[in-house]
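Chain naming follows the written order as A, B, C and D, and within any one chain the residues start at number 1.
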């Protein structure tokens, strides 16, 4: 028993890097690795690049921003350990979650107990951020449960009316299934004929059986809301079966590159982020910053927006910025997304999501990925 | 009609993967739970060879040969030390090997989703093979490859001398050694062939559906197919794969797609209770364990 | 002159049980030599020590030497000794049950060239005609006698220089043992084989062997040509139960060494 | 006898004094070690002593955690009801997990428990989505003696007591008749049967007792984390527990605890190690992979080089010292 107590002591007194006291301290726990890393790691790197660029330009009023990034591999137990370390030992004044929904609960509980605001960036927005919002919880991620399905069904109705058979595709993880089952209800209300949702278990060797059941049920349109892999594998299998219908999927960060790879005229992606091909000044900034990084620039919009929100919050909170000060500042935040999104991100005391959520639909039109329908606003009640 | 085609494709995927389990168990009495990871490593090897030479007709065979040698090396460097150890120790060594490979793959290739078909310029078009039934070219290739692999394995085990020696080593290693058969070569050969067939399956799946960590789970799903047929016979692996694949496809179509994930294991439990040594396995395999 | 000479061989099991304590014997080329002895006298251990398959249930050669054709082989890896031409026919598990008779013959590695091997296979099948009729039958389905024939045949196809046979007659009916022993003698003459035979039944041993050794408790108690040993009253008393003085109490058999030493 | 008491007394007071000077995250690690050692002792009883291979450990942990979670959420059952209820589920599952062991041995038994693991996880997933807890079940901190347990420092005494009780219970069990019957069926079942030991009953008791303790450990874990979700009970968790009893040393209770400590501390040690390297930010991306690879290498090293595990090494060291001392 003796040796392991000594080892334990060693980790306890690990060299707490003595930080210059005047830096703003922000902590992040995210899925840098693990099965879900594909859609979170690029966003985290985008945020790191933003903060580095901010510090290079003198930080906030001369003080640098110290971003502590911990990997939780999408596992709840690691998420809990990270949040205790960030709040207890690193004493951060703002905590960010960029991971699977399974890590939410322990981090929410710790943040509310420590009175430190928790920002969900690139991870799905939990229901607690919608009005009437719970204290301390904010979300800057593009996709949002409930509103995505409504916007998608509006678009489908606009294109093909309501006399259609609607296929529904989700992955067998609780969040994706929940949203698609809600969409089934919404579609039925509008008079469409929704099929029973096709829920695909994650490790699938061959997607053809799932595509067959959708095709044989005679779907004209198919709506998919799931991780990008499930969405794209299903449409590829459907095309191989000779299905010519229209397929609309949620535009994750990989969407732009993938639409160019697939070159499918009837494949729509609905999203809240703008296209990098528009080459707005902010896109150029991201490309410049992302030169030489492991992930492609067009997957970093989510992380960049999170950086904007963090900067705005810290700048509004002033110095010294403890949890309460940053939280108070975030209540009235108004962040201009410089074209990355359809509009600004506004937080109010009651709405920690955004005042209006903008959706855009795009697809491949033969030579490039083009915008089929420009920003469509939905006010968040 | 399309359902039958789907069943044939899924059967050949599971068969090509599960023959790796059967070969290793039948000859060296070791259950290789790292087969899923070895299959994934084979697919990533294709990513490496595709980086150097973009002609698929060269890249794929090159990667296949690399995986054959790697399979043999896995035996010679690691599993050879485990001969004579307890059953649990041997299984756990394969599990540990699997964990090690998973870690190394992420270190070298990052966790992102990769597409080996892009550098090779392969686009998976689809063909109409029967009225009302279409299949992707790669799936067709996979079915043909599975048929070729099983055909050559059955022939080799029946006719070629090395095939006989593999069967002999599986039945009575001591007597095989007394008759001058070099057991280490046989085991290395069989581990090589198992990784070869697994890697070919891994490559074809990744050319069709892209490549990432989840390929390992497909290896795990093929495992019940090998066991249902009896860990001990190739014919069993084929029949087992057919049963599991047919159950999955029909359940997805008519009952509830969610069951596809757990169906193979339900069949496995039923089989273990009724006939633990599987349909074609030899009962002796059970007592010996 | 002798193909195999074993000098003062000691073998212990699990570092505790002494199986052989000082066995010395030599097998002249072209001869059939037998090892006799009661159960547990160390007959099989000697064979396994010579063939190299000793390390199985952690037995170890602790002292002494085994010289084959002038070369020291004690402690060599089994497949190296087999390559030199020493082939063992084990007591149990002597055939591959799921392979057919023909496959059992094809599977073994032979020191002879492919052509010579085919010829060898043909002659051995001539000597065991019953096997020729059963070529496509699975070995597991053969009778005890046929199985022993197949084991001998597959060993001979390896073109051995020294054939070690562990228990030729075990579990077989006398008439079958007679037939196999006769066949073996013909093959020995035909192929000039050198054979070291471990045998329980002295009758079979003396009928086949030119000379013999009698082991007792891991030591060589008696040795000599078969004729001499057959005449030796002590051996008769202990093994054949037909001692000159009529019934003898078994108790004295233990002092076989002092009493009837030749 | 006296000579053995000194190290044990030292260890106990060392453990009791720990909360005074250790930091919160160190306390969190200590609590995780205690939780892990309860599960490891349970698996050691089943595989180390009774020789029944089981790859379903994570499934049992999940069953215990879900029972506690469901009761806390649906019925609002307190801590004192949740733990024994989880134990009952564990016992029931232990029977189900144990039945195949009557017919199967070795590989086939391992496989049947593996299959049961996937079934339990599937049912857990179904429950989570049916009842709308799409992001897992939140459990508020339990009330024990009127005090709300949230800070690792409050949890530590309770967990220490639980681990201690499991240790003592296991030790007495091994000395009792059940323990001896387990030792018999460990190696040669036919001989055990010949000696009149009711092999089937011995096996089933091994499975039931081990599963009950494991399920309670799962429930404790759920209360400690305040949260239950299926992602937390992947196959990797089973492999971690099996690694604990191997690295610790098969067939010894102290081995289970040492293995639990080793496997729990390893990822933190690696993370601390890589944070010292200059390129720590680049490596942060592949920490998970380095952990996985290191875990694999260490397990292989123990399996191939030192089957006796840490206990084996300790014994060998003590032999060396005594030999030379």
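Structure notes:
Heads up, the rule we're going with is that contacts are C-beta pairs under 8 Å (C-beta built on N, C-alpha and C of every residue); 3 or more make two chains touch, one makes a residue touch a chain.
The structure presented is a predicted model; accordingly, all values stated were derived computationally and were not measured.
Ranking every chain by how far its Cα centroid lies from the centroid of subunit A, the top place goes to C. Ranking B-C and A-D by contacting C-beta pairs places A-D first.
Chain nearest the geometric middle of the protein is B, using mean C-alpha positions. Computed centre separation for the pair subunit B/subunit C is 44 angstrom, with centres defined by C-alpha atoms.
Note: centroid distance subunit A to subunit D, computed from Cα atoms, is 35 Å.
Taking the mean of the C-alpha atoms as each chain's centre, subunit B and subunit D sit 32 Å apart.
Subunit C has its Cα centroid 78 Å from the Cα centroid of subunit A. Across the assembly, subunit B contributes residues 106, 110-111, 258, 261 that each touch 2 or more other chains. Of all residues in subunit A, those touching 2 or more other chains are 33-34, 41, 172, 294, listed in ascending order. Multi-chain contact residues of subunit C (touching two or more other chains): none found.
Across the assembly, chains come into contact as A-B, A-D, B-C, B-D. Against subunit A, the residues of subunit B that register as touching in their complex are 2-3, 6, 9-10, 13-14, 106, 110-113, 115, 118, 124, 126, 128, 134-136, 139, 205, 209-210, 212-214, 217-218, 220-222, 248-249, 252-253, 257-258, 260-261. Residues 31, 78, 81-82, 85, 87-89, 91-93, 95-107, 110-111, 223-224, 227, 231, 258, 261-262, 265-266, 268-269, 272-273, 276-277, 286, 289 of subunit B touch subunit D in their complex.
If you check the complex, the residues on subunit A that touch subunit B are 33-35, 37-38, 41, 172, 198-210, 212-213, 216, 229, 233, 236, 239-242, 254, 261, 294-295. Considering their complex, residues 161, 164-165, 167-168, 171-172, 174-182, 282 of subunit B touch subunit C.
Those residues of subunit A that touch subunit D in the shared complex are 1-2, 4-5, 7-9, 11-14, 32-34, 41, 48, 69, 71, 73-77, 80-81, 84-85, 88-89, 100-102, 104-106, 109, 113, 126, 172, 174-175, 177-178, 294.
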